[in-house]
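My questions will all concern the structure given below.
Chain IDs A, B, C and D follow the sequence of writing; residue 1 opens each chain.
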Amino acid sequence: MAIHHFDPTVYYTAIGTYPPVLHIADGDTVETTTVDARGRNREGVTVAERGNPQTGPFFITGAEPGDTLAVHFDRLRPNRRTGWSRQVIAPNVIEPELVRNLPPDPDEDLAEWDVDLETWTATLIRPETSLGRLCLPLDPMLGCFGVAPPRGQAISTATASTHGGNMDYRGFREGVTVYLPVAVPGALLFVGDGHALQGDGEIIGTGIEISFDVRFTVHLLKGKTIHWPRAENDVELMTVGNARPLDQALQHATSEMMRWLAEDFALDAREASLLLGQCVRYDIGNVFDPAYTVVCKIAKELLPRRI
Amino acid sequence: MAIHHFDPTVYYTAIGTYPPVLHIADGDTVETTTVDARGRNREGVTVAERGNPQTGPFFITGAEPGDTLAVHFDRLRPNRRTGWSRQVIAPNVIEPELVRNLPPDPDEDLAEWDVDLETWTATLIRPETSLGRLCLPLDPMLGCFGVAPPRGQAISTATASTHGGNMDYRGFREGVTVYLPVAVPGALLFVGDGHALQGDGEIIGTGIEISFDVRFTVHLLKGKTIHWPRAENDVELMTVGNARPLDQALQHATSEMMRWLAEDFALDAREASLLLGQCVRYDIGNVFDPAYTVVCKIAKELLPRRI
Amino acid sequence: MAIHHFDPTVYYTAIGTYPPVLHIADGDTVETTTVDARGRNREGVTVAERGNPQTGPFFITGAEPGDTLAVHFDRLRPNRRTGWSRQVIAPNVIEPELVRNLPPDPDEDLAEWDVDLETWTATLIRPETSLGRLCLPLDPMLGCFGVAPPRGQAISTATASTHGGNMDYRGFREGVTVYLPVAVPGALLFVGDGHALQGDGEIIGTGIEISFDVRFTVHLLKGKTIHWPRAENDVELMTVGNARPLDQALQHATSEMMRWLAEDFALDAREASLLLGQCVRYDIGNVFDPAYTVVCKIAKELLPRRI
Amino acid sequence: MAIHHFDPTVYYTAIGTYPPVLHIADGDTVETTTVDARGRNREGVTVAERGNPQTGPFFITGAEPGDTLAVHFDRLRPNRRTGWSRQVIAPNVIEPELVRNLPPDPDEDLAEWDVDLETWTATLIRPETSLGRLCLPLDPMLGCFGVAPPRGQAISTATASTHGGNMDYRGFREGVTVYLPVAVPGALLFVGDGHALQGDGEIIGTGIEISFDVRFTVHLLKGKTIHWPRAENDVELMTVGNARPLDQALQHATSEMMRWLAEDFALDAREASLLLGQCVRYDIGNVFDPAYTVVCKIAKELLPRRI
């Protein structure tokens, strides 16, 4: 149950079987940092190439394909004052004909946000608009994290799949435990892409992007096999599907929830259907990345006792 | 500002230009009833053919194509004790390969729920399952309502489009005002398909289906033109897209919100993007009907003053 | 086996249960005309409102719900010299980001084509472009036809469903027999929207739109029930799915072909799979209309004898 | 312009930056072999793990990111007599409700086909069905080939993207030249997954899978940048999109064709639209793999002179 302090010096823009930066054990905690989506660290210095560069991979001793890695997000906090976002809605989330009239959104013309942990707010600094100094409560989260995928793959941190990746879901915040399917020895965990705040769908292509201090604790579920990422917090279970269209992402998320309810709560397909039919909640993680993300949720208070 | 009490004797399973059952004026209130999705009334007697039979159409004096009809749901309450639902998740919301293993869900083998307005709960009566007498809080809503569509169309109450229809969204509850685009003289409003409760997506193909007492009040917004249904409650604005896949439904809902923010709050595309990007919420109304429903929401407290 | 000459005076822009313009019998032939998609007749005079106005409905004596109507296209020919098309690719068929750079395509700024039945060519007359007088072989077809849908519906001729409608498939040419599911007494057949020529997908939103002389012969298949339109020519069977996304249209078309192979050729699911797996062909009818169209085809020479 | 004979001893089930097996030059020809989709070679011996194991990678001297690699398929021939296929249509290509009734298709219960280069036919040997010894003409093609993707990725040979991959398109046959976007030094070309025959869509999840003799010749187009795979044969240009849903694959393919027509034939968006609108053809490569494949085609005879 060691606590490791780790300062990254290398970052990856794909999640794959790269040399581990640290070996940790079941139950260990890691305190580290992540750079923002364009590779800038807490000082605002560009130290990695753009595209959700990841801290890691962390090798979890004893993890083998077929296991599940539980990662508890103990603390997820922006570690500098300035965040940024894009400014214009993505062409794929509005009616195609309307795209003709979208204003330009040059790649380097970013909105700037002041992120204040004292007041727990993000305030729009520029551009000047009729919104004025729009001030929003923080809700820090990690946009991209995951474990090495199977089959020798290395998957871009622009996208997501069964291994996690760039899910850009605002529910992946402090206090949540995520579950990831181990596909290679050591699991090889990556974390990155902190957002001070993000709406559903990440429809302008970014949250409020910023570097983070991250503390997480891992637990290894030996012999437990899952198909898609799962998560839970104090009040609900969550399952995640990453695919296009949203319909397919929803199919994966729902199927994974059916499996979870069968495995851990002994609910057969009919029982799970009767419950989810009247009580399920869906969140749209992102509708911007190459794979969209849908999250299926059920309140724990509605569930029978875990078996 | 009359209050009309209306007892329906005819029901429609398409929304179109049928003979009005009642003429009402801007500001009037109607108290009426709806039958359940299979045409059973408060006594459980089948009085209409199945498939979301509608009460109406109500002719709103002075409504013309290009106007908007505002309908405030003053009161939406189940008016009998027994509701029903289907029992097994729909094949289109799980991974295709898993459908091979779904249990049968015969059309007439319905789950039965006791709906108690005193305790404000729905309790599963049958089948017998390990869920026991699952007891859930009520959240009454209308699954299907709308106005006659343009072009002489009559559109099945199984589906939804710009005119409303079978949106099966749990947010259409008491206290909400919905806005519908008038396409024919008199608007021709229909209401029906009450659910005592429904999860996101209506993933078993029904909510808890039941007959309703419905009271609503209409207001006519002359010269106000909208493209897709809108709604609001005390805390948020909602826009609705009905289409497949969910991606397209989301495009319509988001585009309609962009239009609303421009028209009533003077936010241009960049301003609306900056706001929605970090603050938008999406709900999935249904992923079961021929057209899926996505709802785009923004909290009113985040908006500038209406113009 | 009468031959009827019918001059239309009324046109419909929805396909529904409207008063028949002519009663015909099983085996009868009809010679009539259709106007172009914007309602212009052979003289170029606008006689109907725009949006694929239909000639009909024709009442087929004895047709009842559950039957199938076979319609043989005996002759489909443009009946004037000037056709028109839109000029710019539809925003929904290119990558969303590229729509920003599409040239304008004003609704009334149409390309003009000279349609010559003698040379069997269509020649681009305007605009002036580097294509010059692009000269293409004719391939006349009907973009929109169908029978009244079930449930009292009247469905816009902009779209398509199980009843046919605006499928915009270039394979619906002279010599083809189409099969449509009868949903109301008399079937109520509509025809319209002739194209002198059209590419796959109707990706600029039109073919070469023109008025037509149409001759067709109907046969009634009593007690034969189909779910989606079917068709055949001398060399292949075709089944049609109309839906979004294309994936779903393909599911319907493929399922209907599986049903056809079972019903008429006694091929079970495995046998049909083994055959279609190596031999099926798909065409994309349209990717422009509210419902997209996919056609599933199998060569007749590969099939066992009809049962 | 050397001819290299290469006997593979290592195979990859992801396409990525692996150690080259051979360095070749612009203009060189390679004669090699590929194993079938489950790793069996010409003797039927399993020499690689299943999942479209690839021969390669071949390092093309001088290839740099931003270039295009042209690969001409000089000869693509099955090199043994026995091919295999799956037996039952994939659940994702039929209506979801119908999946309940699909027969089982155990992973190892494969259909067996006799592949005869003399008669140029594939004959169904087992199972016994009413199809008897179904005999089909050969049409050999490569299901999976590509170059290493950008960003350090290694992408499973189950799927496809901008780099090529598992496109399963029956048009990638002998005599075709394919163009692939170079993303890493040396391009790193992989080839594999030969099919003696395949229908559109690969709807049973396989073609007739078999090991191949492959001869190809490479040419390097320095400084020519493409976004998606392109191809041509004597009569047509082809562009390829790999994505889900089919709608998005079609968007990529169509956009790439618009780019090609602009770059090499000086057709602006309006000119390309006028031409493609009436003349484009689409093929559905696969609707089975994680990314679906749509091919956009235009006949060369319709095009102006290349610039």
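By our rule, a contact is a pair of C-beta atoms (placed from the backbone, for glycine too) under 8 Å apart; a residue touches a chain by one contact, two chains touch by 3 or more.
None of the values given here were measured: they were computed from a predicted structure.
Asks: Quick one: how many steps at least from chain B to chain D, stepping chain to touching chain?
Replies: Each step joins two touching chains, and the minimum needed here is 1.
Asks: Compared with chain D, which chain's mean CA position is the farthest off?
Replies: Following the centroid criterion, the farthest chain would be B.
Asks: As a quick test, compute the distance in whole Å between the mean CA positions of chain A and chain B.
Replies: Chain centres of chain A and chain B, defined by C-alpha means, are spaced 33 Å apart.
Asks: Based only on mean CA positions, could you tell me how far chain A sits from chain C in angstrom?
Replies: That gives a centre separation of 47 Å.
Asks: In chain B, which residues are in touch with two or more of the other chains?
Replies: Only 92, 96, 102, 244-245 qualify.
Asks: Once bound in the complex, which stretches of chain A touch chain D?
Replies: It is residues 12-14, 16, 51, 151-156, 158, 243-245, 248 of chain A that touch chain D.
Asks: Per the contact definition, I'd like the list of chain A residues that touch chain C in the complex.
Replies: 90-92, 96-97, 99-100, 102, 104, 245
Asks: Okay, in this complex, where on chain A does chain B touch?
Replies: Residues 85-89, 92-96, 98, 101-103, 111, 122, 124, 127, 129-131, 134, 136, 197-204, 206-208, 244-247, 250-252, 254-255, 258, 266-284, 287, 292, 302, 304 of chain A touch chain B in their complex.
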